[in-house]
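Presented sequentially are two complexes of chain A, the first with chain B as partner and the second with chain C.
Let's look at the complex of A and B:
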């Protein structure tokens, strides 16, 4: 796991208030982790700022699971 | 001023005030005086005509809150087309729902055009026009005339993916409502507007956008996501406008969000001084006295003026505002309901019973409205009744008057309002029906109040199925709703076929279903509740 992915999991766990062991790649953010729209936007902004990446609206809309977020970070951070 | 074209012409004279846009992180990224905004809008209008847009065509704008969006909106009006702002694809799984929504728009509006940036346009699955960025020497749109009764733009209202519903706003209605709001808010030359509300929302477009343009006041425009993730940015911007009289409006949830996200200790030593905030409108969903009290308590020590709150009532079908409270008065609360004030200029509110007869003071009934700000009707969805009948808007909301002052107490229409956004129960039921494709099975969605906000519940009928099958269906329905609407269902349950109350024509009676649900009188075969999960 790259440092950026490691950081991503840390942010996910903190912002979504979910223990690390629940952050399996197939976990769906809205449905399984029950994050609401406030947390969603907080999460995206936190990822962009901490990892210095840009997540366009359509890209954010394509992400559904923890694995999708990690894959995007792997490619762009 | 008789038409929006006159308003734009007037705005083109303004070389000092303008729009300041902010990037997603809340940093001011561009300021452009109105004279230049209008000059660019004229060139964009010409580019639309060049690209084949015809007068009267709907032009759907899929762009974030920005100067570019404002220029495209005004440019489309200058070209005689009907602009309409769209909500962005929902983050975390909304891409398919976004594509379905755009496809639904093209099928309901065959003459539609979609304007977007490159990336979003590509993913929309439809033909699109790249948002124009014309050079300074590009030709301007030729001047044209409009009748005040012509439709100027569209506002999308609840509706569904399959049957999107556009509210047609005429030049006359827009100007009447903007005039009414500015009159009630006692517009002054020191006014400045601060808005993070999306321009696809009536309160963002009309209440802050058009009112700023009508009075040629500076507009500080933010992205909604900036406010949601960093609410302090909103308050700091208002505080920084020391020489101005700031107008900034938001739904109830936004004020509650500030209270929740910014505890007193976090604000201590921040130097936040909200004294420039003279008009803090609160509307678009139920105004909760607890929220106003909590916000006052938290932010009065930081200069939030005693009389700044201005609860209001309105809807896209009335362009925006129907009533609002008096400036410089404390919001009045009676029996747990906050007063939404008095009708805006030249507007009448009458409470009626089921037969349409006016009701006396203090008696609840349907709120009906007459005035120059009413819309010209719906377009797109042919299956819904027109909202204005014999000159009166049937709001579907319940309330009463006390000496001319309106108290909104509930809703007759089946509508779910999540964070200021209207959701048609049909849209949620559609996902239930798509997953449980069993003959004769219906579903019903409705709103409940939980933790001080509105949440959605879905009850679905089904035949005899093992629990594992029901759990799998629940998962599939929840997933589709999350993707399409961006929220988790508060409660999702299955009942046996025929278990939902229906009318004689077989239509699900959602309000009766809600009553049964709240009384605990539904027999569930299987049920999943967010309440149990947190308990």
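Let's look at the complex of A and C:
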């Protein structure tokens, strides 16, 4: 796992208030992590700030699982 | 009595009352960590609103529920718009969060309709500050400099706070040879959008010229069921636009409102309005982020409005209690009246302090301080309502007479709880952060030097608001428990250290609620816990800015116009509201069914903390009363 992916899991854990061990790639962001619209903004801002990447809303809309987030970060960070 | 006679009577009573009312500095001005409020234009605007003729005119317009256009024109002539857009002579020196909040507080102290009609400019223009290109920004600024007022078109009548369910749409298209709009596919170039649908409950919808609109640009079908909306997906269905008023935009009837009766709260019907693609602000489908960042910032402004409203109510209650002598002496010598006045003084400073602290944080960290702007909006509006109610106890029946000015504060103060996010919505957000913080403490990440952090925040020069929004900002949430511990170690009489223990016990209670499952199951418990958390944040702001000794220890200049009441009042405030929080935690634990032993180990028990907070309070109360009467 790259440092950027590690950082992504740390941010997901903090922002979504979920233990790291629950952040498996197949975990669903809404159904399993309880992400709502407020948490979404926190999450996107935190990822963009910490990893110095840009996440357009249309790309964020395609992310369904933790694995999708990691894949995006892997490609852009 | 005919209506015109009633208005005349209102004017006579107000004139008699207002002309003898020496307002002096407000709590917001006294406690401000810098001199922004002394800006000559701000002072001139205040002086204009305080002239007897303008006072009478404002109250007459309000009584007749008329939009205060002549007052606004008078303010424009005195430089009002230089607070919203760079002006030729002053540049952007006044387009700062401090100047805009100072204006909000000063206006709301005098007249809510005027205040909210002006403050919506800050709100709407934030969306431009967040997302406009330099070319768009230049054009918008030119219109604002010329005097155009702005409105933010977020709300739709059927969808309330659920922005993701909004239906007012902007469809992509282009113009044919005859100049008629024709639709294009998502992957085809778009030169124009066609807007259809209604926006409602909009401040300034009928009167203001620059319209910043949050519109659906994707998934026009299939988004009707709120239960089916997926927040991550749906947030990419909206875009933000700036639009000039034009014939195809029909105004909807004005609502008659309980608060701010002169304000233009109305709606707009877009009937196939065609606008150029250059009217899109920010990225296509990126409107939700723009809207959320706009609200993050504007919530700090709501706190300044609530602060001004409460200061206006406090002015009248203090004035009245010092002159009303129905039992021989002024009624402020009566114990119960003095108690209400003390609480009013605490709440006035508390609401001002939370507004000022949040403004300072915005000035330093922009949208990274969403936690603090949410706290400020919800707790400032709640405590402002409580303060106005305390004042009602002082004025008695006078507070209920519409011919007497206090009644205006009674009806107006309730407005702020619904501005830019309802109280429930705010506490829901805050409960999520509370849960994060309760766990962060367990992880042992609470060793930051928060005092140095806040010293830097307060010392930071005042900067233009748009400079704060264009880049990325780190998310800021100070470890509250640690910060209160450090504040408690500073010199000062108020028992601030005990508040750190109270915070530890609140976090322990939250963890207990999470562990036994009620946290997830019971929204009302989460929201009550969030309110306690917000109260502790508010007290933190109070201690930093209104506790004479700790303010000095944070490197701030003394509050303007020092008063004998300032020093004992800090102890009174920490004791009174600190014990309100301990009682709330105890009740929460009982309602959550927590087993005994839930309290945090290694810190004093709730009962010990209560005793510490109560210690010496009889003497403090007496000192406060003497200072109050003196």
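Everything that follows uses one rule, which is that the second predicted complex is superposed on the first by the 77 of 77 C-alpha atoms of A that agree within 3 Å, B and C clash if a C-alpha of one lies under 4 Å from a C-alpha of the other, contacts with A are read in each partner's own complex, and residues count from 1 in each chain.
As a convention for this text, a residue touches a chain if its C-beta (ideal position, glycine included) is under 8 Å from a C-beta of that chain, and two chains touch if they have at least 3 such contacts.
From a predicted model like this one, the values you see are computed outputs, not experimental measurements.
> Would you check which partner chain A:60 touches, where first means chain B only, second means chain C only, and both and neither mean what they say?
A:60 contacts both chain B and chain C.
> Between chain B (first) and chain C (second), which does A:28 come into contact with in this model arrangement: first, second, both, or neither?
A:28 sits against chain B, while chain C stays out of touch.
> Examine A:1 and indicate which partner it touches, taking first as chain B and second as chain C; both and neither are also allowed.
After superposing on A, A:1 lies clear of both chain B and chain C.
> Output check: A:17 vs chain B and chain C. Expected answer is one of first, second, both, neither. What do you get?
In the superposition, A:17 contacts chain C only.
> Taking the two structures together, which residues of chain A meet both chain B and chain C?
Looking at chain A, the two contact sets intersect at 29-30, 35-38, 40-42, 44-46, 48-49, 56-58, 60-61, 63-64.
> Show me the residue ranges of chain C that touch chain A in the complex, using the header's touch definition.
Residue positions touching the partner: 163-164, 230-236, 283, 285-286, 288-289, 292-293, 367-368, 370, 428-429, 432, 435-436, 439-440, 472-475.
> Which residues of chain B touch chain A in the complex?
Result: residues 24-25, 64, 88-95, 98, 119-120, 123, 225-226, 228-230, 257, 419, 475, 478-479, 482-483, 486-488, 530, 533 of chain B touch chain A.
> Looking at the complex, which residues from chain A come into contact with chain B?
28-31, 34-38, 40-42, 44-46, 48-49, 56-64
> Taking the complex as given, what residues does chain A use to touch chain C?
14-15, 17, 29-30, 35-42, 44-46, 48-49, 56-58, 60-61, 63-64
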